[in-house]
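Next come two complexes, and both contain chain A; in the first it sits with chain B, in the second with chain C.
Entry: the complex of A and B
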């Protein structure tokens, strides 16, 4: 009952926020994106212990697939290339159809890619996995920058948001909120199921888990598929919100989004359910408040922030809270005095 | 793939590509040697390796823009980067050296982003080079051109490598470093100050990268965001050669240089970065596949 009340309150707050503060709608949309980033990274990195720097690959993939489906469904390729932004906006119904088909296609593509790539890459362990995924993300961006069909290095413009669907900020804010909520609930359900136990076993000791009869590669691939599925949908939505896809700076942005997801999950607490949500919120709010004052030095600050968090605060907010108030997390606390008395 | 036809029609181009690649490959091998050193001794994969190279390059470029010969830049970059490496070790690396590998990867990745953006702010994102003004050699009836500076860079890279090998083999510190690499705990029991060994190892690595960066800016170009490519190159070389296999590092470095030179010609310059990072993924997958195959034989 308590849990339901808590979730209802959060849901009401999240639904009311963009209406109460209309000027922050786009910011809120970004916040929900950050939550999806951190949650999906944590499913693989935190719960399964496979620290990936390449999850941004699925984000960029979703962005491109959605944009290409939307473009090829209603526009002529040649015309679109030359006229780009000045074409007529689509009727709302067509826009929604194109978008949902695009998102479905991107989700399918991401899952297929996760299966194919995962069968090879997920067999790597530890630092080899981390660096391989780092290479994957950057290679994808560089390759996308060389393909003319998707705009090559000069980027791809996504269809313009039509009139008649309400405010753009509100629409995308609710869309991303829905995605974040679904991601959270699905992961929450997965973590409480047998699947969650399996991936935690893989994190703790993969060889032992395999010896116990777990089909580890299958579990790892499923986890990566789940992560890629939600990231691809998030990418598709973001492509339409931003309106322009740059291969290296928005789609496969390893140096920003790719690192942010890791940072947010660690900041909140790796391997916890609420940690990534908390981490994403803290990170996004800090970023928005402070970064405007830094005038181009914000990326330098990001590097320093990564070092500081990783070196001095690797357990994250949830880890800190767990160490501080262990009884609230269901750990039985035995004081030293009790131990002495029983012995 | 039009260029493949050119290559088949005029095999002399192959000689040109091969020479270019091998001369650059020596610098890759030098950077990879530093990475293997840190990896072997401290068990840290130094992601900011490439940024040290770029930093060394920019220091030499700065001296060059003040009218000082880029050859002076090599020792200057070596010393400055030694200090930078020492500072980095004292502030960050000494706190992560005993920890989980992922923590050190992420911490050095943070340093890498920090340095990258710092250089971007200080030197802008433009491509910079420092001309040593040595002229060009013409071989085979002027069919093949070799800039002398690349030959000098090659020789210098190899001589820095030789000095390092001598330092490792002969000096007291080198012995201490090798002892720590074999077994840090035993080395500590024997009275070796492993903390100091780590500091020296990490600083020497940074200094090697600085010298390599000075060679890069003379023979090629430097740009604030190119660092990660050098990190990935040295990682690939170390993975292919194995830690502590010096001849392997040299061969793999030269081979990578040649492969990149061919790929740049055949695929076009815009795919060069893509080639490096794709090659990384392929090499890691191939390595894993071979290891699994070997395990099957053992079973």
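Entry: the complex of A and C
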């Protein structure tokens, strides 16, 4: 009951926020994106202990796939190439159809890529995995910048948001909120299942997990697929929100999104359910404050924040809380006399 | 027919011949000991059996099936499990979680990976934690337990996996004498009550002489002698190479 009440209150607050503060709609949309970033990164990096710097690959992939599906369904390639933004906007129904199909296609592509790439990359461990995934993100950006079909280095314009669907900010704010909520609930369910314990076991000692007969490769691949699935959908939505896809700065933005994902998860507490949500919120708010009040020095301030996070809060907010108050997380000695009572 | 049959097994690392044509047999339901000086190839033999590295020559059969070409998790799923000399548990998980995830994985289907553990698993985990004497610590993180308790937990996890056979690498190393008696007792009970065949590496002679029905002694990668505890204890070659004169 307590849990349901807590979730209901959070849901009401999240739904009311863009209506109460309409000027912050786009900010809130970005906040929900950050939550998805942190949650999906944490599934692989926190819960499974595979520190990936290449998760942004799925984000960029989703962005491109969604945009291409939307374009090819309703526009002529040549015409779109030259006239792009000045073409007539789509009727709302077509826009939504194109977007849904695009998001579905990008999710499928991401899962397929995760299976294929994972079968090779997930055999690496520790630093080698991190470096390899770093390369994955960079390579994807360079490759995308060389393919004319998706606009190459000059980028790709996404279809213009049509009138008749209400305010753009509100639409995307709720769409990303829904995605963040679904991501959170799916991960919450997965972490309580056998899957959750298995990827935790892989994090703590993969050799032991193998020696105990766990299907480690299968579990690792599934974790990466789940992460890629939600990231690709997030990418597809963001492409339409931003309106323009640059291969290196928006799609495969390893130096910004790719690093932020890691930071937000660490800040909130790696390997916890709420940690990434808390981390994403703190990070996004601080970042916006820097942009507003420390303009000109915002990158320096962000850099300083990153250093502070890594040096002083390596366990993150939730990790700190768990170490400080283990009782509240259920880590306590039980006397044998309790046995009947606790079962 | 033996449960585990190692025939003429050789393994070298560069110029070091760690196992030189070793043959041994472990009959079903018995407790077999493996002793020898440090560096004599005991752990290498364990690693070969459980699939950590391929053997250079020879065959390893478990339940009559050749396993020397299989991977570690595949061999584990056949019911041949090992514990580690350096105790390995999942440190950031609670004892109960350590136990739950150690259920047998042989018949795990894809859909099953996303389900919660049934109540029987929970009951079994509790029962085994009680058996190894860790029931009251079951909600603690495994990494916070003492070394000896971690050894007991690792043993409990192995039992949870319902193996046919268990390879134990120095189960009493670094354990205080009182707890050692408890471990000997539990190993014997695991063998008698759960029907698990044991192959034990051990340096503590009091333990291994007490526990094993048959002992193999390695030295310099070769099989030096084998026989009943009394025979081994009085074998001049074993005394010279390992035990020393009392």
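Note that the second predicted complex is superposed on the first by the 323 of 343 C-alpha atoms of A that agree within 3 Å, B and C clash if a C-alpha of one lies under 4 Å from a C-alpha of the other, contacts with A are read in each partner's own complex, and residues count from 1 in each chain.
Here, contacts are C-beta pairs under 8 Å (C-beta built on N, C-alpha and C of every residue); 3 or more make two chains touch, one makes a residue touch a chain.
It should be emphasised that the depicted structure is a prediction, and the values quoted were computed from it without experimental measurement.
Enquirer: Between chain B (first) and chain C (second), which, if any, makes contact with A:163: first, second, both or neither?
Expert: So A:163 meets neither chain B nor chain C here.
Enquirer: When the two structures are overlaid on chain A, which partner does A:143 contact: first (chain B), second (chain C), both, or neither?
Expert: first
Enquirer: When the two structures are overlaid on chain A, which partner does A:310 contact: first (chain B), second (chain C), both, or neither?
Expert: Touch status of A:310: first partner only.
Enquirer: Once the structures are superposed on A, label A:200 by its partner contacts, choosing first (chain B), second (chain C), both or neither.
Expert: The second partner, chain C, only.
Enquirer: Which holds for A:288: it touches chain B only (first), chain C only (second), both, or neither?
Expert: neither
Enquirer: Please work out whether A:212 is in contact with chain B alone, chain C alone, both, or neither, and reply first, second, both or neither.
Expert: Touch status of A:212: second partner only.
Enquirer: If you stack the two complexes on chain A, which partner ends up touching A:259: first (chain B), second (chain C), both, or neither?
Expert: first
Enquirer: For A:271, using the defined touch cut-off, is the partner it touches chain B, chain C, both, or neither? Pick first, second, both or neither.
Expert: After superposition on chain A, A:271 lies in contact with chain C alone.
Enquirer: Which chain A residues are contacted by chain C in one complex and by chain B in the other?
Expert: Of chain A, no residue contacts chain B in one complex and chain C in the other.
Enquirer: Going by the contact rule set out above, which residues of chain C touch chain A in the complex?
Expert: 50, 71-73, 76-77, 81-82, 84, 88-94, 97, 100-102, 104-106, 108, 110, 112-117, 126, 135-141, 144, 157, 161
Enquirer: Name, in rising order, each residue of chain B that touches chain A in their complex.
Expert: Within the complex, chain B contacts chain A at residues 45, 92, 95-96, 99, 101-103, 105-107, 109-118, 120-121, 228, 232, 235, 239, 268, 270-271, 273-274, 277-278, 280-281, 284-285, 287-289, 292.
Enquirer: In the complex, go through chain A and note every residue touching chain B.
Expert: 51, 53, 120-121, 123-124, 126-128, 130-132, 134-136, 138-139, 142-143, 145-146, 153, 255, 259, 262, 266, 296-297, 299-300, 302-307, 310-312, 314
Enquirer: With touch defined as at the start, can you tell me which chain A residues reach chain C in the complex?
Expert: Within the complex, chain A contacts chain C at residues 189-190, 192-195, 197-198, 200-201, 203-205, 207-216, 218-219, 222, 271, 326, 330-336, 339, 343.
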